[in-house]
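In the two assemblies presented below, subunit A is common to both, partnered first by subunit B and then by subunit C.
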Partner chain A sequence: MKTIAAIAWNTFREAVRSRILYLILIFALLLMASSGIVRDLSIAAHDRVVRDFGLLCINLFGLAVAILVGIGSVYNELDKKSIYTIVSKPIARWQFLLGKYFGLLLTIYVIIFIMTVFFLMVLNYQDMTSEDALIQMMKERGLTELTTGVHLRHDAASAVKAAGKGFLNLVGVDLIGSTRHITTIVLLTALELAVVTAFAILYSSFSTPTLSAIFTLLTFVAGRLNESIWEYSQQILTGQAGAGVATVGGIVKHWLVVLAYMVTPNLGAFRVNTLDLADGAPLSIPWFTVPYGVLYAAMVLSLSIMIFRSRNFK
Partner chain B sequence: MPVIETFGLTKTYVRDFIDVEHGRVRFSFWNRKVSALRNLTLSVEAGEIFGLLGPNGAGKSTALKILMGIIFPTAGDARLMGRPLGDRSVKARIGFLPENPYFYDYLTGREFLNYYGALYGMPRAARKKKTEELLELVGLADAARLPLKGYSKGMNQRIGLAQALLADPDLVFLDEPQSGLDPLGRKEIRDIILRLREQGKTVFFSSHILSDAEMICDRVAILVKGELKNIGKLSELLSRRVKEYEVAVAGASKETVESFRDKALRVLENPGETMFLVEKEELALEIVRKVMDGGGRLIAFTPRRETLEEYFITQVAGAAASVGAQL
Partner chain C sequence: MSAPKSAAHSRPGTFWSLFDRPGGWVFVAGALAAAAGAFYLQWLHVERYKETPWIDSFVLPQPKFVRRLAVGYDAMVADFLYLRAIQAFGGIYYRPTEEGQKYDPVFNYFDVILALDPHFIEAISFGSLVIGDEGKAWDLALKLLDTGQWNNWRRYVPWYEAAFLKIWDLKQPDRDARFFVRQATKAHDAPEWISHWESEIDQQAGQFTLALQRWIQTYAEGVAENKDYLAGMALNKIHPIVGEWHKKILQDALDKYRQEKGAWPQTLQQLADEGYLPPVDVVDPDALVELMETARAEGVDLRPLVGQLAAACMVKKSGVLPPYNPAVPDDRFALICMSDYDHPAVGLESARKSAAAAALEAYRAQINDYYQKNGRYPDSVEGWPAEAYGRPLCDPYCRGWEYNPQTGILRSKGDPDL
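Here is the complex of A and B:
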């Protein structure tokens, strides 16, 4: 356990000392900070647009870290041959791979944490400085004549207050309407990225970084479309039944699509449809979501270990 | 009891269809098997300094990689300290320095040793103490806070040696430990290896720097094209017979030099000094006598025995000739 922790910590240290991580993070934060523009550009449901935009940022930039940092992490050890000295130490190869995996997860989760706090801060700041909300409140209190010319100050004090509220939101305290459930959604994203990172480790245990990046990205896309793949396989069957003729080509096509459905992870299981998410309404998350994510990641990691165990490090 | 035993270790690689070798793209569709090591059987006793010698591509690193569990043998078996390869209790008692090592350039020397100490499962306090000791031993105490990316090749080699010695190993494997080092650095590594032997440790190292190997090895094995050509103590392998005599004189007359030119193997004339290389002792003594009779003086009289380098070249040339004959 200590060995895995040592490797994980070193992997984390490697990531936080690389420039790419900071580039990703700065870009993500800048994008989130500019979500006010997205809100102003949207016609309606301003809060929802900002919330979805922020959650999308967290998801995509988390994925970017998993791919850009994750894949290089294992490959560099093989390419630069530092694996030679690691393998000669009293550790098993599976411990090395698990250490790498947990180190990457730690990196991704720290980045997600920073992004989430920042995102909640942005939401709180926008909530505090929302002229629409203030005008609405004044109207409700019968102060209609005062609503013209309302102009709120955007200042540092509001930003600091928003940051504080953001931290509190993260632990479930003092939630404003639009931030409700964000922690749960982010945790689901974290679980989804745990599965994607396991794939990144799998591919980088036998392939080059470029190929591994492509494979991981394709897995992510296919995983998100997993339910659509199933629907497509059913459509093929329905089509054949409708025509009254089952061709060999049709059957093969159906089973190939079913196979694609079986081998790709159902990443849709970690998504929450925010359209149905009325403020404050309880989230409907199936009980098996977490065991599914954990078991899937464990299965992919087991496969990586099987490949890695018999590899010759030339 | 032998600490290293190999039984017919063999490694055959299968070349990729497309391979880039020495900057040239090479396509291989058949005959893709490349034999890197063939039937290596040897044993090394505890407390020995054992040198695995051979030209580039002889299979030295392949043998070491198999013993370290980095690659798996195609055939054959090996045991370290009486246990099968990969045994973690044995790994805890060995140290390994690979050839041209790369270490994490984002770590400082101290962080690096601390990390590897953790991989050995050493407690924090012991790690800290050992790290400082080893940094001192390999002469990197002043560079301990520098990131490894700023280390020169020699410094990299030293920190590599330090990580190999972290767990106070009983058995140390060093792959080309002196490669890339200046004479001073080579001497320091030699001294460390000799000190390890004094502490009762076994050192197994590969090298193509034969002069260093000759100075420190108890036994050597010579590998050529993946095959073991010879193994034994240096005193057994190298002929103790004097091969030739080197006579250096000053003030020899031109007539004296000319009279021996045809009989000597070689005559080198430098300002104020002449050197004769002769095969027979009698001839060497005759040269000395004649020079001294003519008013000259003797500077040096050196009987020369076979060196490891000469022996090595004979072995490698012999192997090349036999391969040529087979072709």
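Here is the complex of A and C:
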């Protein structure tokens, strides 16, 4: 365990030295900070647009980190021959791979954490300076129309207050409408990225960074469209039923598509039903979502370990 | 050994060193010209987009394909399309020409948006406003709302929007309208006032007694529950309902007259004189309001007395009602507003259309006559005396005429299709 932790910590330290990580982070934070522009473009659905925009940033940039940092993690060790120093020590290959995985995950989660806190601050700041807040303030002061001196504060004090509320929101305290389910959704994103990172490690264990990036991205897309693969398998059956003839070719095709459905990860499982968000009801997440994510990542990592064990480093 | 550089020369490799040689100036001028050209051409593109704000809605793939292309980021893609639909609406709204004000293509955006996120309530509401209320494409708006309703049956908005279109825009107080109102009322987030729309349906459907009873019921509940706004709203509805009731009586009489005589009567008096306005039972709204307020002042619980209240104020009326004069309180029972147009058909939708068509026909004949004589169309038809009538003809919709002196085309703003 100590060995894995040490490798993970080193992987994290190595990753945070990467400039690309900071570029991604700065870009993501800038985008989130500018979400007010998107908010102003909308009619009625202000909170929703900003929420979706921020969650998209967290998901996409988290994915970018998983791919850009994850794909080279194992390959670079082989390329720089530093793997020889590692494997010559009493470290098993599986420990090395798991250490890499958890190090990468730690990097991604730190990035996600920073993005989430910042996003919650932005949401709180926008809430504090919104039209609704102005109307509320007017109600409290018994005003029916705007007069001189009645305005919301766009200043450092408001920003600090929003920052404080952002941290509180993170632990489920002092939630407002727009921040209500953010933490849960981000946790699901983190689980999804755990599965994607496992794939990045898998591909990185036997392939070049470019190919690994392509494979990981394609796996992500296939995983997101997993539901469509199932629908296609059902369409084949429906088509056969409609024609009134069940051909062997059709049945084989159906089962091949079902197989494709089974082997691709169902990343849609980590998405939240928009009905829950629209209703403001508690999120209905199936109990098996978390075990599914953990087991799937474990399965992919096991496969990586098997491949990595049989690799010849010469 | 190279010659020492002039002090005026910039350090080699810097931006300013470009200007040390004539070629540098040419290069910079060329670059600026290229930039200006590129920006100008880009601006031409912007102008092109302005011309057709909805054009990209035609190239949107089918909703099921957009769902695939969104790769799980359905909500965000729906948001972006929603923002685009808002922009398209704005573009159309400010289009100066009538031809440019086509809202139907915006439906494509909303169709895709609801495929991506069927629970996007704001998009359902806004889409119905744009396509139905503004664009008058009622069938498309109701189609959009239908998708919204079955995916959000617990929310009041899709039902409410559909009821709004049916009652206020389409004026179709049918079973669908009633169903929409009832579904909206059942929703957990429905505002209290929605249930009162059933009274509006009854009123539009000609069920005036029922509509009155519903408002009396609302008044009684408002008084019992100390909801002054509710009681006040109900009280304000009594006169308009009775007014509509009168109009219906008059419309039936006019229709009967036209059916039997083949033409509209010239005046209301003629209609009455020829026996088309027999005595009928109607509620006296003043008496009803007075009775309701007296009962309230005396602390009587009106809820069990709803049916009796309307019956107690039933009176028989016949003949031509005097013009409405708000300065005379007792005169409020006269409800046919004829002050702006002296044709008896005013105020009645079917007859209004006929009156507008007749006025347009008279005007157009005179415009053509003018053209024959002068070789051009008149500059304006404002205050133009119509020979056949000896006075200007008013638009029965009270929205005025729309006249183009270049083409000589005259239309009624109230019904441009005429």
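The rule is simple: the second predicted complex is superposed on the first by the 285 of 314 C-alpha atoms of A that agree within 3 Å, B and C clash if a C-alpha of one lies under 4 Å from a C-alpha of the other, contacts with A are read in each partner's own complex, and residues count from 1 in each chain.
Just so it is clear, a contact is a pair of C-beta atoms (placed from the backbone, for glycine too) under 8 Å apart; a residue touches a chain by one contact, two chains touch by 3 or more.
Model, not experiment: these values are computed from the prediction.
Asker: Assess the superposed three-chain arrangement around subunit A: do subunit B and subunit C clash, or do they fit?
Answerer: In the superposition, subunit B and subunit C stay clear of each other.
Asker: For the superposed arrangement, I'd like the angle with vertex at the C-alpha centre of subunit A and ends at subunit B and subunit C, nearest 10 degrees.
Answerer: For this superposition the angle at subunit A equals 150 degrees.
Asker: Considering only the touch criterion stated at the top, classify A:92 as touching first (subunit B), second (subunit C), both, or neither.
Answerer: first
Asker: Touching A:53 in the superposition: subunit B (first), subunit C (second), both, neither?
Answerer: In the superposition, A:53 contacts subunit C only.
Asker: Based on the superposed arrangement, let me know which partner A:82 touches: subunit B (first), subunit C (second), both, or neither?
Answerer: In the superposed model, A:82 contacts subunit B only, not subunit C.
Asker: Touch check for A:228: first (subunit B), second (subunit C), both, or neither?
Answerer: Touch partner of A:228: subunit C, not subunit B.
Asker: Quick check: superposed on A, how many Å separate the nearest Cα atoms of subunit B and subunit C?
Answerer: It is 29 Å, taken between the nearest C-alpha atoms.
Asker: Would you tell me which residues of subunit C are touching subunit A in their complex?
Answerer: 67-68, 71-76, 79, 82-83, 86-87, 117-123, 125-126, 151-152, 154-155
Asker: Subunit A touches which residues of subunit B in the complex?
Answerer: 13, 65, 68-72, 88-89, 91-92, 94-98, 101-104, 106-107, 111, 115-116, 118-121, 160, 163, 173
Asker: Please give the residue numbers of subunit A that touch subunit B in the complex, ascending.
Answerer: Going through subunit A, the ones touching subunit B are 2-3, 6-7, 10, 13-14, 17-18, 80-92, 310, 312-314.
Asker: Please give the residue numbers of subunit A that touch subunit C in the complex, ascending.
Answerer: My answer: residues 38, 41-45, 48-49, 52-53, 55-56, 59, 220-221, 224-225, 228, 267-268, 271, 274-275, 277-279.
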